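Shared between the two complexes below is chain A, which has chain B as its partner in the first and chain C in the second.
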Partner chain A sequence: MQHIAKKNYRSKGFTLIELIMAIAMSVIVMLGVGIALVDSHRGWQRTYDRSYCDVMTDGYVARRMFDATVREASSEVCLLDVAGRWIEVYLYANDSSTEVDRYARFYYQPAGENEAKGYLNLQYGNWNPDSPYPRDVVGTQRVCSNVSFCVFRKAGYSVSMILTLDNGSQNVVVTSSSVMHSQ
Partner chain B sequence: MRKIRLARSKNSGAAIILALLAVVMLFIMGQGLLSLGLNRRIFATQNSSEVVARCAADAGLTKAVLEMNEKLINKPWSDSSLPQATNQALPGCNATFSFQVTGNSSIGYTVNSTGNSNRAQRSVTATLRLKGLFDYAIFAAEKLTMENNNTTTGYNSETGETDLKIQIGTASTEPDSIIIGPGSTIDGNVVVGAGGDPATVIYNEGTIVGLTYAATEEHEFPTITVPTLPGMGPLDVPGTTVLYPTDSGTYDTITSNGGILEIDGGDVVLHVTGDINMDSGSEIQIKPGSSLTIYADGDIAFVNGAGINNQTGICKNLKLYATSAPGDEKQSFEIKNNSEAFGAVYAPNTDIILKNNASLYGSVICNSLSVKNNGIFSYDMALRDVTANDDNVQFLIKRWHENE
Partner chain C sequence: MTRKTKKRRFRRGFTLVEIPYAILILLIAIIGTSKYRYYTTLDVKKADMQTTATRIGLLFCENWRGVKGSLTYDPTVCLGSEFASTPISCPSSFKEFNLLQGRTVVSNGTNYHVFLLFKDISSSLRALNIIVAWSPQGYQITTITDTTDSNKFRSFELTTYATH
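Our next item is the complex of A and B:
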């Protein structure tokens, strides 16, 4: 009988130590999972903020615009400021153009008196080297604001732009390098 | 003893449950982390595929231009069987490219090239142009000197346009490689060697109307391809000698002492393996309706009033090629014209001097050029208009654009 009672008592469930151990392990696992989830959420939030903040979208637009313009530019002529503050490339308007007849100038505009940061602008227009005033300005477009640093470089057929955008809370460095494909 | 063993066996079930629980939790965590990275990996793969597809499209375009240039070797040019390719593999990656060249010699040629990598596809279109040796008005491998009161401008003998902007330049990046003296005017752009600083390479005391800039790449002087011609021995011109197209050939030397060498009846091509010596008022006359092309392996000397008289007044009708390449022993060209001269000179290994009050119409590609005082140099833009049947031409990409 004594043997039977002992057996029934043991088969009722877990011991207190087993329960404590199980709970402790569960807490550790849950904490691990929780920390991982919170970290990943924070990481995602940070990535989301970086991906969709104004300086990031501005930088993306600047890179795309620079890339699209330079890739179609003529490799024969490309003017670059000695300090790298502006670059001017020349393009064909269409297939019927026998010579380059468009120009595009990317330039850094420093901050004004009451402004914290500068701008990246694009001036574009018609180009006629046989005219006394070869540049016929069609328009000037502000590519992006919050520009704290901008420099252009040239090496062979390749042109690059290094742009730092800073809105006070986010800081993004945009680097774009493109090859001039036309003659 | 048997009962005690049974009880112990039942206790070990808790550990299995806990282990299973831990495995399930770890599995869920792993799945979560994997799914977090999945979108990023897909995005990165798409991006890299697009880059590879773009490279493949450009590779197709490059191959199309290469095949067009190889096709140029076989004369006469034919617009049939223009290069094309379908799904050619790009070595070293999983990309393929296809291209097709369309067009003809009258409307020009267009290349459509498409690159594929995985599911990404990129397509580019380029128009081609033929480039000859005379795209520049004046181009010197080393030094270019325009002394006082010289004028350099452009015109087009075929369209009648005048006052066109020209391009002169040097391949050098050394200081003062281009000297423009007081009163001299360059009506166009001045180009210096790749990597050079125009402010130091150009010593300007005159006027440059256009831009000054450094070339994007080092200038290449193509090696001249001399056509195969029959051997004719030496040519001596004692009195008046007339050469017709049937007299085209390879001559050992050309010498004259007061004689007249007339070029008549069409296009005459001379390959001179030795020297050309014209002395004492002797003259080469190119009659209207004719043209002369000289390939010179040796030196050329027109002295004591000797000269070339291109009576057609068209620069294309007199072309003078020096066949030595830069780095070879230099050839000497001594040509002194008092009045007007029409022609194009390609001599990248030769030093040329234009004397005072000379008027030269055409183009000069040389090692160095010195234009003395009061000279007028007029570049004929018609020299740029070359055809696929001309020698020493090549296809280049004129306009490139990517299709959306």
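Our next item is the complex of A and C:
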């Protein structure tokens, strides 16, 4: 009887040494798995940020908008700021327009006292060169924020934009050049 | 008594064969995951390089075309000093095209070599050919013929036409 009781006692549960060893092994395994998971998540986040972070998507939008507008613009005339801070292109409203009757101005609004960030804006509207106020502003659109540098250049019929976006943690340089096609 | 002791020893813990098997399976899973992550990162980097090369090629192409494929085209003047590119020496012709100039543009630590080539189709029509080459492994291009080595270099080619 005494022998049976001893046997039951020994077969139940774990000893203190076994428990400590098991905990130590579990901790090592969990640490390894945790480090692998954290590293994996960081890698995924880095990959995701390279494609979808705010400065990347803003840069993509700015490039697309600039390209689409300039490609529709008339190659006859184009106004460019001496310092390259803004550029104004002229467009035809539709196929029946014989003269340019729309304008679009991209301009860089640097960070200042009132604004913590720099912006790239697009002002657009009707254009009537015979009027004393040729520009009838229809709207102004903010193309992208976090702009730390922007310059426009013109070479023949092509217009280029060099844009630097910086959100504090990531820095993206966007370059675009488009030919003004309409005549 | 002997039989009971044997039974108890058999039921406790794992055998020496089970543990290596478990470790082996775990290692295969970890190595498989690491390989997947490695190739994912590598593919993203390759795609990023391809996209950058395409944009650089398009930038030069549109800019050069804007000045009607002029043979005096200078990217430093037309794109401004803000867009940094350094000239590289190259021969006067490559394949069926005349070679105007070669430039190196650095983006995200990768060197992209841009070659501007042209061919006069007629007295007023000129074909403009842009080749952008880069090396994912970091090899340096010494001449334009290096771009044909697909083991070391990747390249992107773009052709457009300009009236002059």
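In this section, the second predicted complex is superposed on the first by the 135 of 183 C-alpha atoms of A that agree within 3 Å, B and C clash if a C-alpha of one lies under 4 Å from a C-alpha of the other, contacts with A are read in each partner's own complex, and residues count from 1 in each chain.
Criterion: contacts are C-beta pairs under 8 Å (C-beta built on N, C-alpha and C of every residue); 3 or more make two chains touch, one makes a residue touch a chain.
Every value quoted in this text rests on a predicted model; they were computed, and no experiment measured them.
Engineer: Based on the superposed arrangement, let me know which partner A:26 touches: chain B (first), chain C (second), both, or neither?
Structural biologist: first
Engineer: One more residue to check, A:130. First (chain B), second (chain C), both or neither?
Structural biologist: Touch status of A:130: first partner only.
Engineer: Going by the contact rule set out at the top, does A:162 touch chain B (first), chain C (second), both, or neither?
Structural biologist: Touch partner of A:162: chain C, not chain B.
Engineer: After lining up the shared chain so the two structures overlap, which partner does A:151 touch, if you call chain B first and chain C second: first, second, both or neither?
Structural biologist: second
Engineer: Per the overlay, which chain contacts more chain A residues, chain B or chain C?
Structural biologist: B
Engineer: Go through the superposed model and pick first if A:84 touches only chain B, second if only chain C, both, or neither.
Structural biologist: So A:84 only meets chain C here.
Engineer: Touch test for A:178: chain B only (first), chain C only (second), both, or neither?
Structural biologist: The second partner, chain C, only.
Engineer: Counting only touches as set out at the top, which of chain B and chain C does A:76 meet: first, second, both, neither?
Structural biologist: Touch status of A:76: first partner only.
Engineer: Touch test for A:50: chain B only (first), chain C only (second), both, or neither?
Structural biologist: Touch status of A:50: second partner only.
Engineer: Just to be sure I follow: which residues of chain A are touched by chain B in one complex and then by chain C in the other one?
Structural biologist: In chain A, positions 7, 11, 36, 40, 156-157 sit in both the chain B and chain C interfaces.
Engineer: Enumerate the contact residues on chain A facing chain B in the complex.
Structural biologist: 3, 6-7, 10-11, 14, 18, 22, 25-26, 29, 32-33, 36-37, 40, 44, 71-72, 75-79, 92, 95, 97, 129-130, 154, 156-157, 180-183
Engineer: Can you tell me which positions in chain A touch chain C when the two form their complex?
Structural biologist: 7, 11, 36, 40, 43, 47, 50-51, 84, 149, 151, 153, 155-160, 162, 173, 175-179
Engineer: Which bits of chain B are touching chain A when the two form their complex?
Structural biologist: Of all residues in chain B, those touching chain A are 3, 6-7, 10-11, 14, 18, 21-22, 25, 28-29, 32-33, 36, 58, 110, 126-127, 129, 131, 163-165, 188-189, 194, 210-211, 213, 216-217, 396-402.
Engineer: Spell out the part of chain C that touches chain A in their complex, as residue ranges.
Structural biologist: Contacts found on chain C: 4, 8, 30, 33, 37, 40-41, 44, 48, 55-56, 58-60, 62-63, 65-68, 70, 77-80, 82-83, 107.
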